[in-house]
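The same chain A turns up in both complexes below, where it pairs with chain B and then with chain C.
Up next is the complex of A and B:
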């Protein structure tokens, strides 16, 4: 019509259009139905069997040969009668609760200082977080065990100062576990809290200041109150992760004879013959506990969302001027940096560079060697380990993001089946890694083909476990896209699939990329699932590290860990870069 | 009906919501010849955007029928609904919906690249896109990244994308509401010029009555899901059908009274105001009226003249005595509030006339400038 020939185009159209009308008697969303149904089926197949398997196992009577031979309530009866069960649950709650407090205190303080004040050393905090994100937890725990250990530098210093021959601190205790676990989670808490503080509306604080409140009043009366639901939600999240945690309970708790739920399940499976019924009934108890916590988390997180007051103008709030307090704040950041990053890293370097792990001394400096690094770099087993680990992590991350990219869109746009797909994709949140491992053993042994003992079983278990995280990234990514962008495409003539491929997928790709890297990072250091599923031919790096530690090969382990950490820190920096940049580029 | 005119019959779309009062559109009917600039005007939440989205195919109406030219796009009775991507319309969204991952050229050429009814050759895509960009005054912007555009430029890109395929219908959802005042003013005239130039039937949604009057051939005033009045801009302004239309499309005075008889000329009504004054006005837009009926008389402030009390005015005008209670200066006019017996009036005469608060005045207006409303 732009050419001024409306009659011509108008006359040409009705015939073709009439034919179109007769052919297309469908609702617009109908094209998606087969896709949504197929996706829901795949998700159901991944998510539901593990739950059923655990419940079935917990009720089945196993003979001495390990084969199921009828139904029984014996496993649950044992739980109730067993006095140590109460102790295990008590340990779990104290361990998880106290560690949560430590990481919230450390991570939260750091986040507030960095995001909201003019403290020095801001970059140091970010560096700490990124390097920690790339460090396998096994390695980290081991470094702390060396530092706090009987012949480690802390007790060494204590003996030198006091002249006593005892120890100041024994890490193989519940307090030891709590401290190490608390430090372990601080960097992640820092990253998550930083996002909360960054998004909060600074005008609320400025209004308090203008109306005469001091800095401390403002923090207490405004900042903290506004952030409270978000902090509480984060606390429950960290608590859940601590209940599920395996590294610290295995490395610190088992030698110290402090049992928690995860290690109890692990030991039951590792016993001979494996006490699968016992493990499964423990697992069901954990599932119920975690499900309750997640429901609580959901309620609080919704309230936190209501409190979130994003300005959306992309303007940077002016940081608090700490005045003379800057020095104190800087010192706090330095101490946290030392505790969370520098000391463990130095311990690892020390162990890797000395032939035998011993006390820190000047004499030992003369024996410094690169032998451990040489051994790691030349032995073919280590190469296999790296390939295996990268393969399963890349597989899990890619599959999870492909599935959740579509699932997140269907769910966020409330398309056909979106709600069911959302529930299925987020359901695996209730599986602690070790519990999923128990279920995966059982399921893989029932399959007609050999999956147990291969890395693919581990890959599939990772996929199930990490799908909910992918879903978070994809879902909130879609919510950030203005719906009119898709409607404009449809009005322009693109079909639903076309709109998804041309508009949604490219715009969502930064979010999917961030999700991919996040899953890749956590999958590549995952221990609790893999520890039950790794066979001789399907070792992954975290499990190998645990073995090396238990065999006393701390030197080689440190060398391997340091090299691996360098690789993962590169991935983690990339992740941080993508996260920060993607939002700006696409939505700024 | 002419080629590519728009006919909407008994369109109904109700949102049932547990949280708030149900919104939507109750019964929309209109029949527009090709090339009409048609505006859906109403307050926010009145159902005007719902109507537009139903026409676009973004919503499924509950009942009704939508036709463009000879083609039936939606017919609830036959269970027929052409998918929105096959309707061949152009639409400009309130947020413009410029895809940030594409250049200006890629944004504008998108409808051509995804077209199902025919394949456009590469040269043709380029030529049509350049033409659309030239039409909206964006020559030379083709390679610009879509994120590096000002609000006005984004608006033009959205418009170019909407017209590039020579759509049968152009749908505009408050396209000017995100622009600053000066730009909004000039874009208003430019949009109108453009629509005339390409001659496309256009449905425009706005809550701004000035926009509606300046651009439209026909206006539908919508309130609470009902089309209250449909007509050309002058009829809507000068002969509003009820008090809602009178008050929504501009400032007005509403004087309460009862019908006392017919005027001397026969085409006016005599109304006795609640304060006892007698005025003449036009009868309601439609419907019967009898002596003793209560009515509101709508008089626009700019139609009211104020003169110091006691001065004689021309014959045939209504006069109401009162006292100035407030006076403000607004640049292009003055605004006076006058209070008389059981009545108050606002008048906006040109700025040269100056009156003081407390001054006794007579407000005069012609019977032709006053219209009786029955609700």
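Up next is the complex of A and C:
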């Protein structure tokens, strides 16, 4: 706390002055309007055409040849007429809600332990998040189904121990879906919460401890309360994501006959011709729903000033001392590491190293082979695929964070146009990948210049698809910054742009960097869009993965997935190294 | 059991080697028209949208064609249904990017035949009528034989089902799986086969009983279904490719495909798009892929060549050499009846 950080010295001087103008607040300044308008225009250009295309799709009748022919309300009628609609809605809410809770619990606990305490195994926790984000979902789900499957090691062990011929746990059930989906999204929660906790001021936690509060009291009364708007935002976000998720409902739900709202959509786009209208109508309903949720969230965020803890005063003291609790914390991290990463990874290694997917057994050990890895490494096209994929992902992540960094600030500060900008940047959340893909083909073919068939079209589609994630990172980041920093800057004579570039942007950088990393990792393995938009000169790694998945070469797919994960971990570690250094410069 | 596998493996390798040698000796059986070759060379490139697997077939076919004619093949791999969607949009925008494509019947459900070029090269004459369009708008390039596969370590040989009626035995309830792929290669093909074999009334009766057996739906490819059978998740896999079972069994997997007659035979078809950027190169490419030379690339990749004169690497996988009966589901039949079969599937099984 002693050595003043650059931020502190920069902001401390005018702090007193700022206090006197506290009442005046920052008004939507005139200088900001052009910026807000320009940003809204860019967002509108990216988001509105696909939305219109989506709405048009939801009302258009598909002829027997797959071409649109006339208008219809049939897709909406179908949606409501579902025989078991109530049960499906109930399943959806239970599934999305419980999975959200698991993600929050796992990801949030990890984030708090790593960022706020002196727990051991911090690096392991970060590694867990990054590696599991770098692993393609299809593989992750496949690994879990293998582990928990009827003939998987868990049930095998159970049968060996009890002598029964049944199963201990059937993964193809609602609880199975909840567990897998919950684990799937906990790395997102971890990364987002870690950015939140890293920036939160620890003084209040210390004060609580000094005044005799127990560790649990402190967490409950201070840490959680301070992070409340961020947690709530995240909960709403993850909940929406779970409602519209396809992987788990399809891979786990369909075999087990557990239906949620997206099951129908998944099956509809898999039909021939694909029932895009049905899928689109669902997306439109989701769009309305999400607009409502965002409005709700806006009301909560309006009072968010109370939670801002990054002020002009120096902060960043030593981490919270857990005392005897360190061992417990370490154990928690180890268990999460085991569940979220080690077990599925071991399953993947097992699948990659055996010639065919069989039960875990000693007999299978002597069949172990590196053939799958060899096949992947010697296939000549992967280098181009990797280069293309990295280009596209870096473009999407960078563009998304540049846009949402500014957008998040305007929205969180409720500046001119902030609400509209928030809605625009969040809207793409509802596009099923294939619907966005079809819209992108349709729109890009009408452009006067050649975008279709290039990797940039894929990049732009990824940008649109993942912008909402960037928005959540930026938005909750800004909420933590107390306005007095910006006010102090304004009082000291800086313009709004200057304030943004010199005060907000550096303080926001942990959140923006976390967002960048997240988008980079998930964009690089997106399947549904890539498959539609890849042309002969714009192939990405995801297409090769889908190839292997459809051809069912589970071993080779696992090998490719593992090698890809290794590459992603190296990229992410490099990135984190740079990020930590720049964060040290800003925060001391 | 391991003894049997070794024997089969050696025999297969031997056959493959002999066939390959024979193929090399009788190369360039077909000679494409010189004028077409010249025009194609002038275009320099052919763009091929393929639904085949890149490492196994797309690249080998492209390389063989490039080596023979010096014309570059640019390819993009997309599943058949998505490919048709993509092409329909290109056609609508009057900006067709591909010359040639290949896809199964799912492709033709989405793509109106009017958009395709009628072209029958000499090589096509060798193909039976059931594998091609009378107007030359599509020709089969490889076949798929679909049948039931069984996990041999979970089910002793004495208990293997032999007929479709055997599948109704209560002991299989919940123990069978199939894909959710709604093409002739998935449940709709099974349904079509049953209706053909048993007739409408008895067939529907059978299907209703089968629905009571709780067949597990696997939302992935036929290959994934087979992998799950191998892993022991299910005992029987319906509508799996017979060559997949052979490939896995050669690696020691406990799986065998059953001659549950009649098996289902479907095709994967090649065709040309109207208003494409390289029409002549496209024609030459179709020429090549239908020729014996092109078909041997499929043979070498362990696929079932559609050309009647080119046997499979493991000849018993095709009905003639394997002595089993099949129901051929032609592309026309699929176009006419797939919606009906799909509806039955949705009503009974989904």
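Before moving on, here are some points about what is shown:
Assume the second predicted complex is superposed on the first by the 343 of 588 C-alpha atoms of A that agree within 3 Å, B and C clash if a C-alpha of one lies under 4 Å from a C-alpha of the other, contacts with A are read in each partner's own complex, and residues count from 1 in each chain.
As a convention for this text, a residue touches a chain if its C-beta (ideal position, glycine included) is under 8 Å from a C-beta of that chain, and two chains touch if they have at least 3 such contacts.
These figures come from a predicted structure and were not determined experimentally.
In the superposed model, A:150 makes contact with chain C only, not with chain B. Of the two partner chains placed around the shared chain by superposition, neither chain B nor chain C is touched by A:221. When both complexes are overlaid on chain A, the residue A:503 reaches chain B alone and has no touch with chain C. A simple residue count on chain A separates chain B from chain C, and the partner touching more is C. Of the two partner chains placed by the overlay, neither chain B nor chain C lies in contact with A:56.
Contact with neither chain B nor chain C is seen for A:339 once the two complexes are overlaid on the shared chain.
Of the two partner chains, chain C is the only one touched by A:271; chain B is not.
Those residues of chain A that touch chain C in the shared complex are 64-67, 146, 149-151, 250-251, 254-255, 257, 266-267, 270-274, 355-359, 367, 375, 379-381, 434, 438, 441-442, 445-446, 452-453, 531-532, 534-537, 539, 543-544, 546-547, 549-554.
Across the complex, chain B is touched by residues 1-4, 6-7, 9-11, 13-14, 16-18, 20-21, 24-28, 482, 484-485, 487-495, 498, 502-503, 506-507, 585-588 of chain A. Of all residues in chain C, those touching chain A in their complex are 47, 53-56, 59, 74-79, 81-82, 84-86, 88-90, 92-93, 95, 97, 106, 109-112, 177, 180-183, 216-228, 230-233, 244, 248, 251-254, 338-339, 342, 350. For chain B in complex with chain A, the touching residues are 3-4, 34-35, 56-58, 60, 69-73, 79-91, 93-97, 99-101, 110-111, 114-117, 131-132, 135, 147, 158, 161, 163, 165-168, 171, 197-200.
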